[in-house]
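One chain, chain A, appears in both complexes that follow, with chain B as partner in the first and chain C in the second.
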Partner chain A sequence: MFTVFLQQSLNGVILGCIYALTALGLSLVFGILEVANFAHGELYMLGAFMALFSTKLLGAPFFLALLISMVIMAIFGAIIERGVFRPIVGKPMINSMLLSFGLSTALANLALFFFKADPRKIDSGLAEIRFRFFGLHVTAERLVVLVLSVILVALLAWFIQYTKTGKAMRAISQDRVAAQLAGINIRRIYSVTFAISGALAAAAGTMVGAIFFVSPEMGFSVVLKSFVVIILGGFGSIRGVIFAAIIIGLAESLGGGFINYSYKDAYPFLLLVLLFMLRPQGLIGGKRS
Partner chain B sequence: MKKQVRLLVAALVLIGLLFIPKLFSMDYYMHMFVMSEIYTVLALSLALIVGFSGQVSMGHAAFYGIGAYVSALLSVNFGFSFWVTIWIAGIAAGVVSFMIGVLVLRLRGHFLAITTAFFGILVGLVFNNWTTLTNGPMGISGIPRPTPFHFAGFNMVVQTRAHYYYLGLAFAALVTFIVYRLINSRIGNALIAIRENEELARSIGIDAMAYKVFAFTVGGGLAGMAGSFYAHYILFISPVTFTVGESINILVMIIFGGMTTLFGPILGAVFLTVLPEFLRIAGSLRLVIYGVALVVFIIWMPLGVWGSLKSFWMGQRQASLQTARENPERL
Partner chain C sequence: MKGKNWIILVAMALLLTFVPSVYAAIPTGAIKIGVVMPTSGTLAYDGGLALNGIKMAVDEINKAGGIKGNKLELLIEDSAGVPATAVAAIEKLIGMSKVSAVIGDFGSSCTLAMMDVAQRAQVPLITPISLAPKITEQGNIWTFRGCDNSEMIAKAFTKWAVKTKKLDKWAFIAVNTDYGRGSVEAFKKKVTELGGEVVFTEYFQQGETDYYPIITKLKATKANGLCMFGETVDLSRVVNQFYEMGLNEKMTLMDPTSGTFNPKFIELVKDKANGIVGASRFVASIKTPAAKKFVSDYRKRYGVDPEKYAQAGYDVARMVAMAITKADSTEPAKIREALSKISYKGPQGKAHFDEKNQLIIDEYIIAIKDGAFQIVAGPISAE
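And then the complex of A and B:
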């Protein structure tokens, strides 16, 4: 029983890493463009497909495929920012929500049309390597997810904290007008933000595609859970988002393992409701808009 | 427009609508019109929450579904008549939306939207997984039609689509009237004040939370009644009808028409029920076209069709666009 608990917890943490990557990208876009991007899940889905095609058609090894998909989705993210989101920055929030939902519908169905619905798996070549410790089974794939997530989050934190572009991003999220007055090229930062968010989503999608499956409809539930993570974790706080992502991952994994698997998508919501009742100011007590 | 003129126009439109079954005898068209009526009720009830009170809900289809399931289960299992279950469905959906409203309406903007979306998913999961009650993904079939209605020597049977059309027309007209009266009352003024500036509204003594919960409850209850009507019209319900996608569909309808007007949601509901039928030619690319059209529409007509026309007439187009631009957090 205890081993099962540990095993499920480990799976929960790995799931949490995935949610952390998607939620961080989402929270960046939200903080800087003030846009709730429901199409974020589609970046994640398309990223997974890019990696799938890189391994299947080009025969690229897993890590190269991951890199390829991150680069492609970064470019794609910048393109949709320029073409779709820029005209509505600063408009009422319901507009940006529905716009991104329209984009999400279009992209998901386009993917369904071209890639078909049958679930496929990205072959990472790591599934055969297994580790055992304290009675736990861990495949190398899952360890890679853990390590890669930590590396990517650390890179992101470093980028936002120390580079000039990162500082500009923080400035814009605090006060857009003041940042513009200080000479920050706000449009360039918008594109960079979307590119980073696309790359992180692609990385998350690729890793999920390696452990589970790739399919055109994988995006929507992930984007909603990432929003829950952001609400739980508070805005502008990388630490809070990671913490909340792991809690959500654990809730889903342990709830699915011990209570009832068919309701696994409901546990994050129940957690959220519980939070509203017990701590209306948020888990970390951060700023709310 | 003066009040009398407005009433006259409304009466004329209603009389005109009475002749629709005479003009379109094909079942397929009549089905589209009945669905338009159901969506009109849904869009108006959502407009009360989103358009007039400014609280974005992405879980409206959940209340629609709760109403449908309550009504269907009562009539299939206990033999209740539609004329009873529609009220019970409305009350049940209203009670649930009251409870959810109390819980989530202190959130604002995106937070509220996402939480309500999650509530929609939760309800969908219950419909799918509580198999002993809801029969899971198989849905509930064999829902009886409304029983013949005897009232003061007047005999009403509901059999053909034309009958449903008239019943739905009465329903939609009643709901339109209720929403019209609501938004033109003190309550409506309070709701609009909350939408425009919640802090200011509270500072002049409006209990914002109570009004928001009230709008949410009434909206949810009306959606539940629409669900009951749907269940007894289609005679079969399953979880796939009441997804978050459907909630967003209703949201798109009210945005399309212009959600801060009364006529806008009706226009959006009718138009977006009929239009997708023409897109069926596009086959599997239908939803792609829908998504792209939505993107283009939001970029070019942020106030909705009716809203844009209205502000164009009033010569305030620039002014209202300006306010929308200046207050991105308004909604």
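And then the complex of A and C:
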């Protein structure tokens, strides 16, 4: 029984890592541009397709495909920021919600049209390598997800904490006007933020595409869960988001394993409702850092 | 002017004299047949296979001159696997397009939802895929099942698995739909009747990706056989994760309704498919001349081997055409009448409908080995 519990927890943490990657990008965009990007899941989906095409058509190895997909989606992220989101920055939230929802539907259907519903898998070659310790099973593929997520999150934290651009991002999230007065080129920062968000989503999509599948509708459920994660973790707080993502992963895994699997996807939302009732200020609480 | 009127008069007289001799109940023009299948959503791939079979059958019939010179015309609607959409689709086909018969749907939940519409409008509805036993248990004479049902499969398969293969502790993982739940019920009954034991049952939502929670739980049981009910894509994930957890050393994988017995599944799980056993009414390796011809024609057209969905689509479309020919009419009521008395022979073998409009056909026990579907036992008669 204890092994089962440990195994479920391990599965949950790995799942949580993927949620953390998608939610962080969403959280950054929300914190800095103050837009709710419902099309974030489509960046994740397109990222997975880019990696799939890199492996299938160019014959790129998994890690190179991951890099290619991240670069392409960073550029794509910057493009949609410039073309779609920039005109509505500073407008009421409902604008960005409707706009991004439309964008999400458009992108998902374009993907359905061009890439077809035919489910495919990114071949990482790592799923066949399996480790076993203390009665726990884990594939190399899932270990890679764990390690890569930690590396990417660490990189992001370092970037935001220590680089000039990162500092500018934090300044804008605190006070856009003051940051502008201090001479920060906020347009450039907007593009950079969306590029980072796109790259993180692509990384998550690629890893999910390897573990599970790549399909045009994969983005939809992920974006909802990511919103749960950032609400749970407190907007704009990196630590809070990671913490919340792991909790969501664990809730799904343990709830699915020990309570009822059919309602697996309901547990994160149930947690959210509980949070609103018990701690309306968020898990970590207070104003964002 | 007067001369022209005279010509028209003669022409009309000639036409009238001709009418009795060319009189047929089938009015000239295309015969409309409606199809409701999921072409988007999670069932899009499997739905497309059934559609492949239907289209091939109709093209063959049309190429051979159609039915008494009239071409068949397919009107295809997407149900997306959603019952409400399926109902809207069949309403549109019957109400607006005035089709003579409807083929569909894929999921049992959708077919169950459409049955009432078919009965109310009195148009025959024939499903090539849906397995839930209750479809043919409701006394709805307008609905036909053009394939085996889970009870028939359960009977043939459990006998072989429990007695010959000696699997006595069963675990079930099934999709949370009428088909999944209906199949599990039917199998549980047969397994316990034969002296086996059911130690684990879990249901998943269609399109689920992460099965680790239940696979982990399954690992802690004493099951020696895992019985799965679901479609290609979902089951490929189950099998992949089953192997990742190292369960393949402990239990035999069973897929009695053979949702996995198609090339796409093999592509998705590769050699992990080895050793999966199941029952199927059709696999491409059946060696009868009719099956061989069907397989080679299908491969020529689509580049892959047909599986049971394509076969069912093909057979059902041909059965409908046969009923129209027999009824010598495009009237839905006459087609229904003819369909219920049909005696059909297709690539799968002989088939006819029983008094509940359930198709009676043979079953084969199949195992996957190196990407090929081998017949282990059969044909086993369902009667």
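Keep in mind that, in the parts below, the second predicted complex is superposed on the first by the 287 of 289 C-alpha atoms of A that agree within 3 Å, B and C clash if a C-alpha of one lies under 4 Å from a C-alpha of the other, contacts with A are read in each partner's own complex, and residues count from 1 in each chain.
Just so it is clear, a contact is a pair of C-beta atoms (placed from the backbone, for glycine too) under 8 Å apart; a residue touches a chain by one contact, two chains touch by 3 or more.
Computed from a predicted model, the values in this text were never measured in an experiment.
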item: Which superposed partner A:M93 touches (first chain B, second chain C, both, neither); value: first
item: Which superposed partner A:R132 touches (first chain B, second chain C, both, neither); value: second
item: Chain B versus chain C as contact partner of A:E34, first or second or both or neither; value: first
item: Superposition-derived comparison: chain B or chain C, residues of chain A touched; value: B
item: Which superposed partner A:R170 touches (first chain B, second chain C, both, neither); value: neither
item: Which of chain B and chain C A:S262 touches, first, second, both or neither; value: both
item: First (chain B), second (chain C), both or neither touched by A:R82; value: neither
item: First, second, both or neither for A:L112, with chain B first and chain C second; value: both
item: Partner chain in contact with A:N11 - chain B first, chain C second, else both or neither; value: second
item: On chain A, the residue positions that both chain B and chain C contact, one per complex; value: 112, 262, 265
item: Of chain A, residues touching chain B in the complex; value: 30, 34, 36, 84, 87-88, 90-95, 97-99, 101-110, 112-113, 220-221, 224, 227-228, 231, 260, 262-263, 265-266, 268-270, 272-273, 276-277, 280, 288-289
item: Residue ranges of chain B touching chain A (in the complex, touch as defined); value: 50, 56, 103-104, 106-111, 113-115, 117-119, 121-122, 125, 128-129, 244, 248, 251-252, 255, 284-285, 287-288, 290-295, 298-299, 302, 324-325, 327-331
item: Complex contacts: residues of chain C adjacent to chain A; value: 40-42, 44-45, 176, 202-205, 207-210, 212-214, 216-217, 219-220, 233, 237, 240, 244-246, 268
item: Chain C contact footprint on chain A (complex, rising order); value: 1, 3-4, 7-8, 11, 15, 112, 117-119, 121, 127, 130, 132, 137, 139, 142, 208, 212-213, 217, 252-257, 261-262, 264-265
